[in-house]
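We just call them A, B, C and D in the order they show up, numbering each chain from 1.
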């Protein structure tokens, strides 16, 4: 990771745009949700959702261009240093993965005490997994809904499928059958596995930390000095 | 986590009520077990179980109110600091998650040597997983038993389903089919994944520790000094 | 864990019997294998296998009694300190879990260089998982073979089922259907999950160690001093 | 692991042959891909692929013989120290596991800054898993394609099966049914579990590291000294 000078124009741009861009990505996700779930509703709603998605994507592209400009780096080098940003531009549904910067930005602004390290990793990875799972459920439902021989036929099925996939339980009662559905599923498995692995690992470390701390606290009536 | 003054009234209240509340939650779980499993028995048994559950829940609510009072904090701040207690009040079946405090309370009272750190985490997370699994098996069996097309038809099926879900094996020979059954299942997956991940991780750390300790112990006939 | 005086009679007993007992447990496992797999063969073979199993079990019981005697502890305290030994006496198929002592005993006797810590944990946990898996495949095959509606019908099916269970993949193409088969399966899942989690975790730590060591080794033509 | 003298002939041989051998293993994998996937094409293609595989294997065998010669060790000792090389010679599809040496060789040659430790482990284990998965998909597809009652009937099915197997999701919608297919699958499960466990574990450690580093960076306008 490139550590930029704290006061560079790029740094200031990123701090100012972080929160608006996050809201934009939530709007994008909401519009995608409407477009996928409103398949039986009036065509107007779907067109509004599609237009909103396009608009948000233009915002993302504009932000990418602005950051490329401000970094004063040439394109290939910029791409190498910020490949996650480029991926996120092409697949805006992956934007939740950038949450980590937003969180620290928010905490600084509000001057609140930051949560303990493991809890923050759990919250970040868990939240990313939830947003990714939601986007994955929508994308798979969109692909599978009308496929012949599909087992994912309602959005409820898709959400249930995401739950059993992300936790790697995988009953197999509902599974994607189309090529695109399976491609989305494979991506979801890999990302979700890593994110939930981070949740599990951090929870384990946090629990060990809590128990280790309990050892240090003496019971109220205990007269023995701490070093005894 | 709020570290209260060791001699505050809230602290004393919590130390005195910890054990009775744990027994109350066991009674609650037993009553729920009776209510779910006795579906073919006399209606009297089910009504007694239901009344016991209500009584225990009133005890939990009373304890929550007493602690809110003793903490002298305002409600929102109290809720923020003790959100797990509030969740546990709404869903008493999750009460096992508070076991950690009970364990240290018990150890202090009996003045017994505390187990090694990793073993304690394994015992705590394993026990929580067992109690959660039992509650989950009951809840899912209650939902699925009479559903059309259900594969979980006996309580044995439900227990087997919990085993393959918590270990993330997920054969899929028995799976919940109702919306509520799947909701309970999703909650169980996430909690169980984290708890069993803690068991696995701690077991791994404990095993490495055991092997590392073996290195330090010299064989009986070995004349080399320990520092050589 | 109780650390006994290095020269106590119990210690000497354990060091002398460790290897014979391991061979006895291998003989036990082999006899069980013959008894289960030879169901179509002459009844004589099965009776010989049964007698061998009984004989080995008497050896195990004798060793347990000898150790109880030599420890000069009372029964409940002995049981508390060595509960794994007692479990292993009741379920001799779990004996592989005691491999860890055997390994260090062997290494000391042969005066060989001991493998690195993580590799030893991988070897121990992996070997235990293989032996447990073999015993589990036999036990489940024994239960399921003749059950109505069984999907585990050949020993090959049982081995395949153990592979997909221990790795928590769980396709569900072959699953136990009897109550005893499922009980064995649940035990196998929990033990196997912990053992394979130890393998995975140690492999991960070992890989990180290997990469970290690569950093320290300088390339051949590199003139920079190691501390630069 | 044997650490050879940095300037030994064996060392120089290994540094010079590492890259050509990697290309040879890629050619081997490509030829195997052609041989398996071109089952409906002209027999000429398959024969060319078969000849290429044989040629590459002769190159691998020659390299193994050369290294045995240069090490001036006797065969059993050489085998003990380099058992992975011998396994890789017998099963050239496992060659990706030797990638780790290649990577560091490449980095040194190009004098590029090396990635952070966890990222390197993720990249190495992830890449190995991808190559192993590809080889496994080909091998299983080759075995299962014409088996009666097979569920893996297209190469797409085989790739999908590898995805759900390596991530241990295991829906069970497509599973191998032949004995050889299941043997390959079992090997893939164990290797893949360890490799993906390394990816997950390193990702978790990396994420915790990123969050810990964020703590140390002060916000731009923050006047407090770092030690306050």
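One rule holds for everything that comes next: a residue touches a chain if its C-beta (ideal position, glycine included) is under 8 Å from a C-beta of that chain, and two chains touch if they have at least 3 such contacts.
The shown structure was predicted, so the numbers you read here are calculated from the model rather than taken from an experiment.
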| item | value |
| --- | --- |
| Inter-copy rotation, subunit C to subunit D, in degrees (Cα atoms; steps of 5) | 90 |
| Contact-richer chain pair [A-C vs A-B] | A-B |
| Chain separated most widely from subunit D, comparing mean CA positions | B |
| Self-contact between copies subunit A and subunit D, residue sets same or different by half | different |
| Inter-chain centre distance, subunit A versus subunit B - centres from mean C-alpha coordinates, in Å | 29 |
| Averaged-CA centre spacing for the pair subunit C and subunit A, given as whole angstrom | 41 |
| Residues of subunit A engaged with two or more neighbouring chains | 164, 168-172, 200-201, 205 |
| Complex contact set, residues of subunit A against subunit D | 3, 6-7, 11, 15, 100, 104, 108, 114, 117-118, 120-121, 124-125, 164-165, 168-172, 175, 177, 179, 182, 185-186, 189-190, 193-194, 197-198, 200-202, 205 |
| Complex contacts: residues of subunit A adjacent to subunit C | 168-172 |
| Residues of subunit C touching subunit D in the complex | 156, 160, 163-164, 167-173, 196, 199-201, 203-205, 207-208, 210-212, 214-215, 217, 219-220 |
